[in-house]
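A short worksheet on the structure shown next.
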Amino acid sequence: MEKRKLTREQIAQRIARDLQTGDIVNIGIGIPVLVSNYVASDAEIIYHSEQGVLGMGKKAKPGEEDPDLVNASKEPVTLVPGGSYSHSADSFAMARGKHIDVAILGGMQVSEKGDLANWKVKGVKLGSIGGAMDIAIGAKKIFIAMTHTSKSGEIKIVNQLDYPVTALHCVNRIYTDLAVIDVTRDGLILKEIAPGFTIEEVQEVTEPKLIKAEDLKVIEV
Amino acid sequence: MINKTFDSIDDAVADIADGSTILFGGFGGAGVAYESILALYRQGAKNIIGVSNNPGYEHEGIAKLILHDRLSKLMCSFPNNKQSYVFIEKYNQGKIDLELIPQGTFAERIRAGGAGIEAFFTPTGVGTEVAIGKEEREINGVTCILEKAIRGDYAFVKAKKADRWGNLVYNKSGRNFNPVMAMAGKITIAEVDEIVEIGELDPETIVTPGIFVQRIVKRSGL
Amino acid sequence: MEKRKLTREQIAQRIARDLQTGDIVNIGIGIPVLVSNYVASDAEIIYHSEQGVLGMGKKAKPGEEDPDLVNASKEPVTLVPGGSYSHSADSFAMARGKHIDVAILGGMQVSEKGDLANWKVKGVKLGSIGGAMDIAIGAKKIFIAMTHTSKSGEIKIVNQLDYPVTALHCVNRIYTDLAVIDVTRDGLILKEIAPGFTIEEVQEVTEPKLIKAEDLKVIEV
Amino acid sequence: MINKTFDSIDDAVADIADGSTILFGGFGGAGVAYESILALYRQGAKNIIGVSNNPGYEHEGIAKLILHDRLSKLMCSFPNNKQSYVFIEKYNQGKIDLELIPQGTFAERIRAGGAGIEAFFTPTGVGTEVAIGKEEREINGVTCILEKAIRGDYAFVKAKKADRWGNLVYNKSGRNFNPVMAMAGKITIAEVDEIVEIGELDPETIVTPGIFVQRIVKRSGL
């Protein structure tokens, strides 16, 4: 089989397959924003946006923008029928109170225990937390979407974080251009692997020891 | 398609196990999910820990559950009232435990449960019997006691309208504890006067977003 | 001057004179419920009711009752134009957060330091707190309306409470059938006295030493 | 007659003293009380402690105050953004202090301030740099840190409509921090698109009851 790393779009596409009707989903910046493009059109997924929008719809068409209806990246969006508005304390009650089913977030580092770093690069003085910490501890499941290694080849799935922590023990599943990995009490389970890659090749760019899933398969995209 | 509607209130309460903690909305008779309570009575679950501002009046509401020894404990602010004679008698007989909670602390502990706040420091109750056994601390120059979150396995709320996502609006002061209980119930059952089409409720006026509601039943009015 | 204790209505009437337009007022049970009858008709007083009504109006007329719009005693009431509804946590945020200007409450005992007992009689096992404790610590000013002594002649203004405490250091002013008394750091100031009574007569039924106000006057009712 | 309306936004901010803590509503550009901020700029108060989710973009909103060294400290969740270059430069020059707060904790600390809750235990931030110097405790099986209430001497909120009692409704996600900031401001100044007659707002849909608002000004739109 030809070796083929997943594109950003393919990572998003793979994640979309793990969402189901009724899921309330918070979407982070980066690869996660692409996920909704791949959700089946008949699936009713409810998107939560931290500034107090539940049921966020598509981006607003030109001429239909309302400066008071924006997504977390300040872009004009819409509300779907059934959507609602909340103030920020209630919006984060949804997160912190474990009412959000899935948060799909970017990652800078993820540790073997599921610790997440995604808000500030190492050694920098100033970073923005935004809603990252609240959502990482709050959603029932945390999916991380990221490239397996950084552009410079730095390993991102590590034994111990050395980037500033976002939240401890929070990640459930990691989706990269090379693999789908579950974070479990027993360790990291390699569930799916990119076309043409070997377990050894994925292990080489993953610091903790990967456990091969009994039903390990090739990522379908 | 998301559809949280149950045709029968009996189906909506069928899985409630003995020993469950249930949050019951309502202040006086306003905003009480009477039909859900009757269904729970028929269903038969025992050793319920009830969280309700009051213990029901005469034989209505949760008074009926208390009368039939179905509650092992009640957490409330207003147990003692002429019309609460069912509770008072059971309490005096030692058949039901009571945790007496100031009403504002009661509402806030439930909101905390729904909001993932595990505990908070409040000035309410300092120097009173409510403070016994609780940590006391001065914060920002105010003496406070530490109060912990309350959560329910179920919440029984009463609303005016719902849509199939579980978005709710209430009627007047029938709102009371219902929105915070909806937040704090693992499974929130909303008993409503009317179920409307999705998109029919004005998004600016939805008080309880559907994220907090798992089951909806239209009142039969019987 | 003829000795004349104030009636319950006169106590309420006297309290009403201390309210002004714009005051947000919480009303307890007993004498306090009579106060609104004596507020000037052109004064805009906003009544807060603990179950989530701000701007509570008069009792509902027969045929206009709504079982979902009741006062704290479960009686059908109305809402005035400008009124609004809140859930119970927000309603008590108004109290605890010091947004209510005045709470007018009944009292079983008040101490020299302004400690209040009004929720349970001494020695009884079961009492109802309701919103009493939250409101007593929360309102900016606490006015207590009560008879100066109990029916059996028991003194109610005492050095130390021996009834179950509602809240400490909370009372600002006491209105009785005999006197208007301010609770201050220096002690209890006798501000007004019922027609025909002497300071000594009021002192006799008041345990802590009363301090005569420089401008002591007869209660006008 | 109660009338909280000010004809001029300059009058509404005239008494703000140097060193005041001010809560500024808004998320991105949504729900920002821009005219109130400009009036504060004209008014001249210095050493303001600003509480705002972000430090303004380019030279807009509180970025203008920061540019002119009028804020001594900013409490916020999102200081670092390409368009927040004014804050970043002042921060790097040591001209403004920063308290960095997770957004949910930020909103909840402000609500706590408004609700008379002096502090609360939250799981957000455990094990992160946010937890440094804060008490950590396990409650109900959840590791938490203790966070304290935030209050403002003033709150600048933006709403859609008000009546003369100060009842407010908002527009869409322009709601954001405004309702909790209105609660937590000792003097809350509401900048609104429209002032309507008393009784015109549906009581079921009022988001911020007038009890939380002290001053109202209609936007000039200039």
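Worth pointing out:
The first chain written gets the first letter, and so on, giving A, B, C and D; residue counts start at 1 in each chain.
The definition used in the following text is that a residue touches a chain if its C-beta (ideal position, glycine included) is under 8 Å from a C-beta of that chain, and two chains touch if they have at least 3 such contacts.
Which chain is which protein? Per UniProt: A, C = 3-oxoacid CoA-transferase subunit B; B, D = 3-oxoacid CoA-transferase subunit A.
Not measured: the values here are computed from a predicted model.
Listed by label, the chains touching chain A and chain D alike are B. The greater number of contacting C-beta pairs, out of the two interfaces B-C and C-D, is seen for B-C. Centroids of chain B and chain C (each the mean of its C-alpha atoms) stand 30 Å apart. Centroid to centroid, with C-alpha atoms defining each point, chain C and chain D lie 35 Å apart. Between the Cα centres of chain B and chain D there is a gap of 32 Å. Computed centre separation for the pair chain A/chain C is 56 angstrom, with centres defined by C-alpha atoms.
Counting partner chains per residue, chain A has residues 79, 85-86, 89, 92-93, 95-96, 137-138 touching two or more of them. In chain D, the residues that touch at least two other chains are 108, 111, 115-117, 122-123, 170-172, 203-204.
Here the touching chains pair up as A-B, A-D, B-C, B-D, C-D.
The part of chain D that touches chain A in the complex is made up of residues 27-31, 53, 77-81, 88, 91-92, 98, 100-108, 110-111, 122-130, 170-180, 207.
Only residues 1-2, 111, 113-117, 163, 165, 167, 183-184, 198-199, 201, 203-204, 206, 209-212 of chain D touch chain C when the two sit together in their complex.
Of all residues in chain A, only 21-22, 24, 44, 46, 48, 54-55, 79, 81-86, 89-90, 92-100, 137-138 touch chain B in the complex they form.
Residues of chain C that touch chain B in their complex: 49-53, 66-70, 74, 79, 85-89, 91-93, 95-96, 115, 125-135, 137-138, 164-168. Touching chain D in their complex are the following residues of chain B: 108, 112, 115-123, 139-140, 142, 144, 148-149, 169-172, 202-205.
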